[in-house]
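What follows is a structure written as structure tokens; I'll ask about it next.
Labels run A, B, C and D following the written order; every chain starts at residue 1.
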């Protein structure tokens, strides 16, 4: 069930100069979270941040009542969240949105760019439970931007592209050699900048591979009340916060 | 010269449940401050505090480059200033306003209520330097509200009234027995709620004693740019932030 | 015990707190967060005669203490509402107010006609102030003759309370308020959003697909409050006030300025439980101020 | 090197950044904080024919991301300005624009006549949008015929640039802008404050002595930006844009929307050095974006 819940900052763990893990803890139980779900985080007492900020759930620990987020500090709100002292109060509205459809006993390729790596630990865990094999492909500008590799490596093989060639293969994700044998995969999951996801879905579709893309449209509410976050689909304009954030790429008319 | 200066919070020393000393330190020199001068303090990154807050200078230490304020936490801004962590950055515009005219070799009565005790350490120090004698009279609702007595006692005799009689004489300041021999004083300085200051000036004027009152009108700028802070005087509407905050009570038409 | 009941043209609300059209979906979106039965009323998302896809994305821009929206009345049409949505939501013990919209007078009339006789729907909000549609919408609300014309036309076909929603984007809102009062409106609600715009300096482009959009949130509260006060002094019909209400104190201010009921809008996005908190805060204010009937607040400003 | 010079009706400003009337005193108040010679111009506090005491205290209310003021044009009259203040401030190497006000057309004309031939004063701002005076003021700015009448009358006696300051409290600001353009205005400045109101729920009283007042600050930026964009698309004369500009990015947005110059208002209260910082930020933006002439920004919105 969706709810507003009070949390306390347990830590903000900076991973590089522009991204961090925000770990929040609560006295009470944490709701069930499905891979792909997100939360709307209230940036506490910030003069210039009016609305909540939608952030995917990176990890959750039901034993210790903690929930964590992987956040790129790109603007006012995300910078302020990353500067919170331990012990600060933060409330979130969650769990929001739909989730990825994890396949059973299959071969999954997970492609992430930018902050779009956040939902993929939970997804990979679920895929593994269902006996599917996970390959990650992360793209970034430079090696500096590639973080949390050890974490992801726990769940699957990690491939990397960087635009400057400083780590993994040089180029854009869609230029990675894994695409030479793309039909080895039963499904592709992707999250990241729209152009990347569009390119990925195009390849997936032309190879008849199911592709699920998680969108990051701008949101005012996050739970279907405002109709601000729409994306055009074969069914008309649909809210990314309720019908998504995960869409089958074939349904998207972007 | 008036300036904007960056400071760091050295400490917020709570005196009772509703008031505190805010001590700020700077790397650079502190401007000269006259008794009665105030500063416009920027409440850092507060969602609902748009304008600066005018606060009298309570004390200044030119050796150590610190400046301190006595603040009553009465609303959004003053509560937030009191909750700042040590080390937080705060900038202030100062020194603003005119100052008290301290008399030479005289007998001064200083009457304060509420936050209106703030300007009176600096004033008493100057009076003492000029060989004047200082008597303080502070009024409050209850003994809880009477703070910093030891500090003030360094500069003069401290008299107190409380409305509930829990400290000093029972009643309003203007009912204190010191008024039985009010003509012993050459001057009265007062700061506090308007009704108190009005009552004090009335007594002063009827006894032909000079009375200087420091006003606390609501301000947008604090340095004469907006004309929001006016009080009616014999010369017309005058800005409290530039012509005041200290006025000769005879000039006020309140 | 404080009486919280208020009366909008004979329609009794259990308390003055309702939710603003377009900011509360059809209520269902808030079912997880609050007990909808506690609300004075729900003004549902704007409805039109036919399905509307609304404007292109992006439809939203955050602004200082507010936001711009350019949703453009996306909805599946009045029939879908009545056949599919309303049956699901009518169970709640609160007043459901459809918010009706059109490009031409005939559209408004056609939508209103569909609402005639619908059991449990005891009034409608006639939106003549949507700034986010090309034709119709705000055009009706910024000209007195057209505001009167559309109100009269809907009045002719609909006999339950009509609340006409006014635009703040006018020189003199009292003129329009008086006009629609004369045309048979039972109440006016105000304000809709202020027409605004946001630019992204980095891309040199407008943030919204429609260039301009509707400004809501606390930023507009001073303007909304002023208009409620002006209209309160100009008409006799009850006012449903809104514009930047974020808490109980804001709601009290709108009532003091002359609102009989209030709508909570943008605040729902930031705190989905805020509407219920506002009811509690109004009650607490009354208790603290020795007020036994919330109606004492209406227009109670001491000037 | 970026060219920052802009041109308002033949009058060259060294950069687009000026300060808004009523928020910058007569400039002197900022002498301790900044080098006034760096400013593109200073619009001084509103002037009237005779001494005015302004409205009673309280004149100010803080609002979400903004403030209300009800100063009511307190000033010592045009003669005092010319004889006592202007001689002190004319030394600065920046354009000084008197902001002139009146209750009737004749007052405006009388003030303008006094400015004819004053050495160093190369233009005036005709304020037809002050919401804080009982008669005159905003009344001129919300009706097209009266806006035209006062502009024509002042045009007849004053031959240097006239910048007419428009009110945002209108249904269609382009109509007024076109009207004053036709009546001989060389430029329009916009926006003045939005009419608003604040209530103290604790005392049940209005916060301002005048009940309503003028809303300024970032809260109004989206509305101001929209109006600048609308006017830019409606008139040919240059626009001086303002309303909630707090930093260089805001200023850029106003230029992209169509402003030739901008005015910094309420921001001066919060950071008395902000006007100079904005000049630097505009220059930095131009450098970062490969813009060699700030004039390229004017109306440069990509739609």
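The rule we apply is simple: a residue touches a chain if its C-beta (ideal position, glycine included) is under 8 Å from a C-beta of that chain, and two chains touch if they have at least 3 such contacts.
Only a predicted model underlies this, so the values are computations on that prediction, with no experimental measurement involved.
Farthest from subunit A in terms of Cα centroid separation is B. Averaging C-alpha coordinates per chain places the centre of subunit A 47 Å away from that of subunit D.
For the pair subunit C and subunit D, the distance between mean C-alpha positions equals 34 Å.
Separation between the centroids of subunit B and subunit D, computed from CA atoms only, is 36 Å.
The set of subunit C residues that touch two or more partner chains comprises 63-66, 217. Residue positions of subunit A touching 2 or more other chains, listed in rising order: 49. A ring topology is adopted by the chain contact network, closed into one cycle in which each chain touches exactly two others. Two chains count as a pair here when they touch; such pairs are A-B, A-C, B-D, C-D. Interface of subunit B with subunit A (complex): residues 45-47, 49, 80, 85. On subunit B, the positions that touch subunit D within their shared complex are 1-4, 42, 48-52, 93, 217-232, 236-237, 242. Residues of subunit C touching subunit A in their complex: 22-25, 29-30, 32-33, 45, 51, 53-54, 56-60, 62-67, 69, 71, 74, 217, 266, 268-273. Across the complex, subunit C meets subunit D through its residues 61, 63-66, 68, 142-143, 169-172, 194-199, 201, 203-206, 211-212, 215, 217-223, 225-226, 229, 244, 249, 252-253, 256-257, 285, 300-303.
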